[in-house]
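Shared between the two complexes below is subunit A, which pairs with subunit B and subunit C, respectively.
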Partner chain A sequence: MDPSNAIVIAVFLPFIVTWTLPLLYKVFKQRIGWIAAAIAFTCFALVAQVVPYTMAGTPIKDSWLWLPSAGLSFDIYGDGMAVLLALIVTGVGVIIMSYSTGYMSTKEDLPRYYQWLLLFMGAMLGVAFTDNTIQMFVFWELTSITSFMLIGYWRERPESIYGATKALLVTAGGGLFMFAGFLLLRIASGTYGISEVAGSSELLANVHDSELYVATLILIFIGAASKSAQGPFYIWLPNAMEAPTPVSAFLHSATMVKAGVYLVARMHPILSGTPEWLILVSGTGMFTMVMAGFLAFRQTDIKAILAYSTISQLAYLMTMYGYSTAEHPGLGFAAATFHLLNHSTFKATLFLVAGIVAHEAATRDIRKLGGLRKEMPKTFIVAVIAAASMAGVPPLNGFLSKEMFYETSLEIGHLVGGPWALIFPVVAVMGGVFTLMYSIKLIDGIFLGERTHDHDVPHHVHDAPLVMLAPAVFLVGLIIFFGLYPKFPIETLIQPAYSGLVPGAEHLHIKLWHGITTPFLMTVATFATGIILYRFYNGIAAWQNSFSARFPWISVNYYYDWTVNNARDVTHKISAVFQPGPIGPYIKASLLFMFFLAMVPLFYFHIPAGSILPAGMNFNAQPYEIVLYALMLVSALGAMIIPRYLPAVISLSALGFLVSLLYMYLKAPDLAMTQVCVETLSTIVFILVIMKMPQKFKEPMPMGKVMVNLLISGAVGFAVFAIMVNANVGMLGSFESFSQYFIEKSMAMTGGLNVVNVIVVDFRGYDTIGEISVLSLAALGVYNLILSRAGGAEGGEDE
Partner chain B sequence: MNNTLLALTISLLFGMGTFLILRRDIMKVIIGFGIVSHAVNLYIVASGVFSEGKVPILEHGEHVNQGLVYNDNLANLAAGIVGPTTTAPYTEFVDPLVQALVLTAIVIGLATTAFILTLAYRIYEEYGTTDVQELRRLWG
Partner chain C sequence: MTTVITKTVAKICLMVDMLYSIDLLLIGGNRPGGGFIGGVLCACGIGLIYVAYGYEDIKKIWNPDWHSWFGYGLLFASITALSPLLAGHNYFRSAFDIRPIELMGYEVGELELVSSMFFDLGVYFVVVGGLLFIVTKVGTDKVKDPEGGQ
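Now for the complex of A and B:
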């Protein structure tokens, strides 16, 4: 298949299939997970077809018109990096969806679960293959939304709601910063295209020389950091663990959180190579790596430990992508990309193990678990290999990329010089030490030691069922394979990604054993320190707990909660003022607003004249006119002050007939006729309704309230009067109305003599269709209101 | 329309209707609604009446075609006038367009009146009151 078609199909297939899942569920029931896995596998196969092209160094580039008026097209760009991410997304997707068929109870709302998983997968593929920033933003926010839905999958649990809201606020909010950064990038470079900027030395120079460079970098990095839980934005990831465990394994360790790192890699050719990049990206990464690794100690939930570990590992990636100088822009790129792949394998495995343990032992609390190695031997082996890879034990893949991390840390330290030659490697080793310690804790806490006899844990814990174990075993196979034979992933995936985004990338040689070098000594130091310090693990955790109890305000979460809770309270207070509930205040406020809306311009326009009322008002009137006006006012007054309904309605009706008389005087015979008919009908409806009601409602009318109401209605009446008498003075320049067109064309175009009728049925026929629809809707509404009567025994009235 | 007494009448109607709308009794509110719609309709129709204008019904065989209508002139934009212009004021007939608009409004007014009356009736049936504040209290 044509590779660009394959990419487009892979991106949109999940979106299309997701709509059919509820139907498929009717046929396949709980086996629907296998359908979703098959879709993921199809996407994997489609993306895999692109690998030969990226290995040959010819990225796929294609473009379709999307919003030509806004200068936007749907651009895809399939280079090594995009293919790597897409293969991770679809590959882990297959594994997760198969695993879910065993993990998710058949009582759950499975179609919704797989729908959101597939939507997420499609959105991630969209992020991977996009080639313009607007498209990137759209798919990016789509991943945030699907993540929100999946974290909040168990809708009834308050923790899920809290976690989902937090994740959405942080990641989607960060996405908005990223969007602002993209717009700045557009200003600096003149295009929304990504590969277009990266491929043109002129545009690159524009971006780097622009005074917007730093702002662009910071804004885009905020987006990346919030998605990848870096720096202060880490707070959402631990709470996101409220999601079902397969979701955590998929979104919150292997794929979605990689989107931020991916963005950094994608922006690498455009923005890297400056001190700002090194300080911002590596600085944030190194800080996060150490802090998150350290904070993992006090966690007692397996998934929480894994969450902090994920934050710390993502920080490795950030740090390495940040290693960049003007001469060596892509110093840490290859190492970071390799670690990105490896992290997906071992971290997803560990999450799957966490899911198995929670499933079989009914708890994820590490204090209640322990000694499960005998009862769950297969799971134990899987977990040990994955944890060892995370800790960097040879000959697993984690060892290789950690060695590369140490090596590049030494190099960047050497290049920057001064004290940094020491600081970079030392911080890297610190990160490694913490990783080793919590890796040991995971195995120690779950599988080693004595079996605790907590009442939450069942007496006999079974090993994992095949459907849940097989995906984990497959991933462990990859961990070992990549470790023993790194040539394969390096040549097919890492080298193309590296060469595609770093100009002048050298050929990568990665061997398992390359003699006793400084990085190897650093690894040895890491192991020695980690194993010694592990004796103090519980002590450190206890100290962290007492510290956080003593200084609750030294915590990002403290400020997040403060902001969100205050926002909620303040909104509540404001809406309590502006939306008190009873309808009276709303009407009064609207009326007063309109009063000022009318009166302020009137005063403004009449300052020269000195008076709100124009000079030369015409008080001449025929006697019959005056009688008509007086009668109208009397009947309106009757409708206003008579307390009983029936006489009030009769007054209103009298007013209506008088109004039709007035229409005659105003030279509107059609209106007069219509008014007579309508008034008759509405009087009938009024009387039908009030027949069934009590004839009078004793409303308390305290004097003060009457005065206020009189004042408001007097002001409204005065405003109407002022507008009317001023209307023909000509505050605006006069221009002829459209009406003359109708008069002129009436006979010629329609043959109608009555111009009003011609307008209603001919010139403005669409308005009349609208009017008829309103009438039918009102009739339907009346009909349904009558039908909606509870019990419905009484005969309805007709209308 | 330069008829101060008519303007006064219409605005008094408007004020009385407003007073009723501010009441708590839902039936009074509906009656007030009716009065205000009368006032608004009259207001719009009155704005289209010129003192010498005829009823907008043509005589048989009368072809009004004076060729002075609709010279859309972009130069007028500079003068701040957005719309078709004629060289001379055209006041042979009163304005038919406002009448057509109000015709629609009257009919729609009937529909809405019927609807809110039925609604009021159903509210009375369900809650046993026509007091807006009482209803608010019942809903909590």
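Now for the complex of A and C:
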């Protein structure tokens, strides 16, 4: 297949299939997960077809105009980096969706679950293959929204709602900063294209010399950092662990959080090579790496430990992508890209293990677990290999990329010089030490030691079922394979990504054993320090707990909660002013507005002409007309003064029927019929409601209120009257009537004789479809109003 | 409300009402009527039955989900509106054909086939479904505090 078609199909296939899932569910029931996995596999196969092209160094580029007037097109760009991310997304997607068939209970709302997973996958593929910043923004925010829906999958749990809201506010909010950055980039470079800027030395120079460079860099980096949970934006990721575990493995460790890192890599050719880039990207990365690794200690939930570990590992990637000087712009690029791949393998495995443990042992609290190695031997082996890879134990893939991390840290330190020659490697080793420590803790806390006898943990814990174990075993296979035979991933995936984005990239040689080099000594130092410090693990965690209890204001969460809670209170106060609740003020407000709407143009155009009544008005009325008018007056008065609901409503509807008689008299049968029907129906609705209420008005209205109401309704009545009598007499000059057009064309074009109806369904059918949509929405709105008033789960807003 | 007289009258009304409502829908092209007015009339008839017999009692015998009526009506109208695109016309373009009806060789009348009829049918279902959805929901609302209704 043509590679650009393959990419487009891979991006849009999930979006299309997702709509059919509810129907497929009726046929396949709980096996629907396999359908979703098959779709993911199809996308994987489609993306894999692009690999030969990227290996040959010819990226796929294609473009379709879809909004030419705004200069927007749908651009795809499939280079090594995009293919790498897309393969991770679809590959982990296959694994997660098949694992989910075992993990998710069949009682759950499965179509919704797989729908959002597929939508997310499509959005993520869109992010990977995009070649223009607007498109990038759209798909980027789409991943935030799908993540929001998946974190909040268990809608009734307050923690899920909190976590989902936080994730949405932070990542989608960060996306807006990124959008501002893209606009600045567009100002500096003159184009929305990404590869276009990266490929042109002139445009690159424009961007780098622009005074907007620093602002652009910071804004785009805020987007990337919020998505990848870096710096102060890390707070959303631990709360996102409220999602079902497969979702956490998929979105919040292997793929979506990589989008921020991917953006940094994508912007690398455009923005890197400056001290600002090094300070911002690497600085944030190094800070986050150490902080998150350290904060992982006090976590007791397995998934929370993994969340902090993910933050820390993503910070590795940020740090390495940040290693960049003017002469060597892509110093850490290859190492980072390799680690990006490796992290997806071992972290997804660990999440799958966490899911298995939670599924079988019924808890994820590491204090309640322990000694499960005998009951879950297979899971134990899988977990040990994955954790060892994360800690950087040879000969696994994590070891290789960690070595590269140490090596590049030494190099950048050497290039920057001064005290930095020491600081970069030392911080890197610190990150490694913390990683090692929580990796040991994970294995130690779940599988080693004495078997605990907590009442939450069942007496007999089974090993994982095959459907949940097989995906994890497959990933572990990759971990070992990449470790022993790094040539394969390097040549097919890493080298194309590296060469595609870093000009003058050298050929990569990665071997398991380099001899006793400085990076190897750093690894040895990491292991020695980590194992010694592990004895103080619980002590450090206890100290962290007491520290955060004493200084709550030191946490970023404190400020997040403060802001969100205050925003809620303030908006509540504002809306209490504008929406007080009883219907009276709303009616008064809209009537008054109507009065001004009618009177302002009337006075503006008409007063120069003199009286409010137009000249030549016809006051002659037939006697039966007068009777009609008198009856209308009587019934209107009756509706006003009768002190009981039912007669008042009957009186009101009598007025409506009299109006329809008037229409009849004025030769408008369509209107008259509609009026009769609508009047009947609204009377029925009134009666339905009124039957349940006490039949008397509760208390007489105070005189002042009556006067105000009288004034308002009188004013509105006057305004409507004035505008009606003047509408026909050339208030704005006379309009040419176009009813002749309809009358002439009606029969010839539509075969209908009733011009009114022909206009409704034919000439102005567009209006009609709008009207029936409004009617449907109104019906749903009524339903929701009643539901919220009945005081359902939402807790009535009326109180 | 649920006296014998109301019940009997409502029953008779319903029959006349439904027939007239369908008639209005069909003749809409040439004489006063159409999908909207026909739909409102149909909703009136059924609403009257709800008032006369009580919603809870009717629900036990016959309880369509009105929301799917207006959902499908909207879908139907939209499809009708978009289908001319398939034939290469603008959307909402309508077609019509007038055919004589022959009976044993004699022309006894003519049948007018109008494509906008389908659109009107969609409107009809939206109106019936939407209005009765509102009526049933309002009718079953539990009034908690006397202030609520005003």
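Quick note on the criterion: the second predicted complex is superposed on the first by the 582 of 799 C-alpha atoms of A that agree within 3 Å, B and C clash if a C-alpha of one lies under 4 Å from a C-alpha of the other, contacts with A are read in each partner's own complex, and residues count from 1 in each chain.
Keep this in mind: contacts are C-beta pairs under 8 Å (C-beta built on N, C-alpha and C of every residue); 3 or more make two chains touch, one makes a residue touch a chain.
Quick caveat, the model's predicted, so the values are computed rather than measured.
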**Report entry** Contacts of A:Leu655 with subunit B and subunit C, given as first, second, both or neither
**Finding:** first
Query raised in the report: Can A:Asn754 be said to touch subunit B (first), subunit C (second), both, or neither?
Result: both
Query raised in the report: Is A:Asp762 touching the first partner subunit B, the second partner subunit C, both, or neither of them?
Result: second
Query - Partner chain(s) touched by A:Pro601 [first = subunit B, second = subunit C, both, neither] - result: neither
Report task. May I ask you to decide whether A:Pro669 touches subunit B, subunit C, both, or neither, giving the answer as first, second, both or neither? Result -> both
Report task. Would you check which partner chain A:Leu775 touches, where first means subunit B only, second means subunit C only, and both and neither mean what they say? Result -> both
Requested in this report: Going by the touch definition up top, name the partner, subunit B or subunit C, that contacts more of subunit A.
Outcome: B
Query raised in the report: Does the superposition put A:Pro52 against subunit B (first), subunit C (second), both, or neither?
Result: neither
Requested in this report: Using the superposition on chain A described above, determine whether A:Val678 touches subunit B (first), subunit C (second), both, or neither.
Outcome: both
Requested in this report: Return first, second, both or neither, reflecting whether A:Ile687 touches subunit B, subunit C, both chains, or no partner chain.
Outcome: second
Query raised in the report: Do subunit B and subunit C land on any of the same subunit A residues, and which?
Result: 582-584, 669-670, 674, 678, 681, 685, 689-690, 692-694, 753-754, 756, 760, 768, 775, 778-779, 782, 786, 789-790
Report summary line: Listed in rising order, the residues of subunit C that touch subunit A in the complex are 1, 24, 28-37, 40-41, 43-44, 47-48, 50-51, 55, 66-67, 70-71, 73-74, 77-78, 81, 92, 94, 96-98, 112, 114, 116, 119-120, 122-123, 126-127, 129-131, 133-135, 137-139, 141-144, 146-150
Report summary line: Per the touch rule, the subunit A residues reaching subunit C in their complex are 582-584, 669-670, 673-674, 677-678, 680-681, 684-685, 687-694, 698, 749-754, 756-758, 760-762, 765-766, 768-769, 772-773, 775-776, 778-780, 782-783, 786, 789-791, 798
Report task. Please give the residue numbers of subunit A that touch subunit B in the complex, ascending. Result -> 581-584, 587-588, 591, 617-619, 621, 625-626, 629, 632-633, 636-637, 639-640, 645, 648-649, 652, 655-656, 659, 662-663, 666-671, 674-675, 678, 681-682, 685-686, 689-690, 692-694, 697, 699, 709-710, 712-714, 716-718, 720-721, 724-725, 727-728, 733-744, 746-748, 753-756, 759-760, 764, 767-768, 771, 774-775, 777-779, 781-782, 785-786, 788-790, 799
Requested in this report: Please name which positions on subunit B make contact with subunit A in the complex.
Outcome: 1-25, 27-28, 31-32, 34-35, 38-39, 41-43, 45-49, 53-60, 62-66, 69-70, 76, 79-81, 83-86, 89-90, 92-100, 102-104, 106-115, 117-122, 124-126, 130-133, 136
